[in-house]
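Chain IDs A, B and C follow the sequence of writing; residue 1 opens each chain.
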Amino acid sequence: MRSKLFVPGGRPELFDKALAGPADALSFDLEDSVPAEAKTRARDDVAAFVASPAMRQAAKLAIVRVNAPDTSWFEDDLRAVVVPGLALLNVPKLESADEVRAVVAALERVESDGARETPVGLLVNVETPRGLEHAAAMAVAHPRVAGLQLGLADLFEPHGIDRGDAAAVHAAMFAVKMAAAAAGVFAVDAAFAAIDDADGYRAEARMSRRLGFIGKSCIHPRQVAFANEVFAPTPEDIVHARRVVAAAAEAARMGHGAFALDGRMIDLPFVKRAEALLASLG
Amino acid sequence: MRSKLFVPGGRPELFDKALAGPADALSFDLEDSVPAEAKTRARDDVAAFVASPAMRQAAKLAIVRVNAPDTSWFEDDLRAVVVPGLALLNVPKLESADEVRAVVAALERVESDGARETPVGLLVNVETPRGLEHAAAMAVAHPRVAGLQLGLADLFEPHGIDRGDAAAVHAAMFAVKMAAAAAGVFAVDAAFAAIDDADGYRAEARMSRRLGFIGKSCIHPRQVAFANEVFAPTPEDIVHARRVVAAAAEAARMGHGAFALDGRMIDLPFVKRAEALLASLG
Amino acid sequence: MRSKLFVPGGRPELFDKALAGPADALSFDLEDSVPAEAKTRARDDVAAFVASPAMRQAAKLAIVRVNAPDTSWFEDDLRAVVVPGLALLNVPKLESADEVRAVVAALERVESDGARETPVGLLVNVETPRGLEHAAAMAVAHPRVAGLQLGLADLFEPHGIDRGDAAAVHAAMFAVKMAAAAAGVFAVDAAFAAIDDADGYRAEARMSRRLGFIGKSCIHPRQVAFANEVFAPTPEDIVHARRVVAAAAEAARMGHGAFALDGRMIDLPFVKRAEALLASLG
């Protein structure tokens, strides 16, 4: 999931275009972009689209961001959007392991209502200071948690933290990635509001890529190409990974656990990374 | 509280000058700057000044840094300085939520001794590695906690950490700000010992301002102007905040939750920040 | 311990040369560098060398990295290498305080088997995201813990984090140092795989030195000189520390707790650091 495109749930006229575009995942939003009076209609439009043959046949993940668990819309959102075709349920404003488990319980109530096949995974937003504090606990709270989604605007703006402070962005990314890695789940990078600033988007995407994030949110279709470009493994990465794995096999045959490759000591952790990269190519 | 001027409690000849100066807050010190044999006298001088009409009528916060709770001076310090006029009690070397609650209990014992009006708030120093580890727990330990005060000299120097390592300073600031934000309390930046280094002071103040700190400690009166300058909202900030709030009202009227302003997607978190900035102007 | 040289336990022909070299500590490895079929032999060779008169008479610390506690080799490793002459037992892949205490229990069982003099200290590796999360808890888990060893390859590579991301390296160092400082134990910096990149090694060593680490791991003998050079106190450091201590004594005589030296306010934390530096000179 290199690119995760934000699609406002209240604007169904945009859905087909989003589906036709190059984003790896579509994230239909029922939360901040949808005013209170439009919630019900947006919920139904999104549910219908996620379950549609066009969406289900596309090589794209369908994600829905529902309203927060402490709102009156949450349970109805779940009842509507947990349909075949939904890959990940994205839940905003979670701040503790208990809250994650409460979401799983609500999800299981909805699922037992009807007959649904594969269990839906949770994409847990980390977007408040308290959420960041408990990110590691949330990531291991339940096997349903598939990944952590960093949210920088909510994390920074209401507390007067400059969204443009690259070191603060890095610190938040590092904390979220460590929490995700400790739980063995993936991490997805935040949205970037300045839709005309391609260089800024790419710079932030490169930062999160170096930190092991698998992709970045896109608030506008034009950001999708940047994300796809930055998070794709380079040909050099692939060649290097193949050489590491081959050299590791050779070293094992010689009875060595560590070996030098291009003047660099290579041992188990490097081999694991190379294997993971090759596995991600499918 | 853009500027918080350190005033050595053992030097009462400096009090009037500090009061006449431009600092937003005066922090009278009874701890490190006062040798053991001068503690009693300093305590009485500070208590008298904090309670004086001149101090109480000034548009300045009165803060007293007492000796640490594990010293023999602590309880007597509290008994003396918790007087009308005291805005914040600054307590050094706290390292856990239990220690914060013990301070509150001591404070409440002192307050019940006499009749005092508004409850005094706590400004909790985060200035040891253990304190940093438990900063989030200390910030939520009791509603009396009004803010966290970063202390970098104590945090770094005894452990061989270079006070001039900007990335380490940033990391400590970020941790303290996240702890404060999770609790909904403010954060105040550390002192800066190189009193002749105006550029260094300003650079550090700008760093903490970007991280949402409300002000910075001043170890010397000449640093006060720098803090006041760096932490004041700029005219551009104010104009931008007014435009965000106006555009949000307009978007709400149109039924949109998110909108573009100057090529930037604006949604709830940005609106909240703008509202907070305008509210801080009074 | 400015330099800690990694010595592959399966290559005894390297032991004498390592002993003759300038490293402050030798860390004999029984883990990643030794393939399964060579574990028993490496264990015996290392144990014999650590207990040898040559090693015991050298002004060098002997450290052994054993296999992880969840492997079948662990208990036998302990039984073999806990000999007179062993200064620190280095244990990989620990992730919680309970695991640290289990290692201490295993160590105590081995020690009670025979008569050994001074208790061996633990050097706890912090080299997984979960280990980093619990680094502070591990450092205080038992008085036997003497220090924390950062491991960056294992922490970063399997999770797709770029080992060359200096800000990520700094963040991991800062977290480990804070955990160590909170417990009052030392921190040792990670290995650096690019053995031909002297500038890269020095840059990383300088970074960890600024963060209060006492030394850095060396994966190759040629890195030892770099570590010894970077972690030695400079003549200027020593002169400055002597001046701070002298000025503090003078200020105390005058009844001041804080004083200015070269335009810098000096109080207790600075004095403590200066005293620690002078004490480290022996």
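Note that a residue touches a chain if its C-beta (ideal position, glycine included) is under 8 Å from a C-beta of that chain, and two chains touch if they have at least 3 such contacts.
All values derive from a computational prediction rather than experimental measurement.
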| item | value |
| --- | --- |
| Cα-superposition angle relating the copies chain B and chain A, to nearest 5° | 120 |
| Fraction-based call for chain C against chain A, same above half, different below | different |
| Centre distance in Å when chain A and chain C are each reduced to the mean of their C-alpha atoms | 37 |
| Contacts with two or more other chains, residues of chain B listed in rising order | 167, 171 |
| Chain A contact footprint on chain B (complex, rising order) | 136, 167, 170-171, 174, 177-179, 181-182, 210-212, 252, 255-258, 260, 263-270, 272-273, 276-277 |
| In the complex with chain C, residue positions of chain B that touch it | 8, 10, 32-35, 37-38, 128-130, 132-133, 153-154, 156-162, 164-165, 167-168, 171, 191, 193-197, 219-220 |
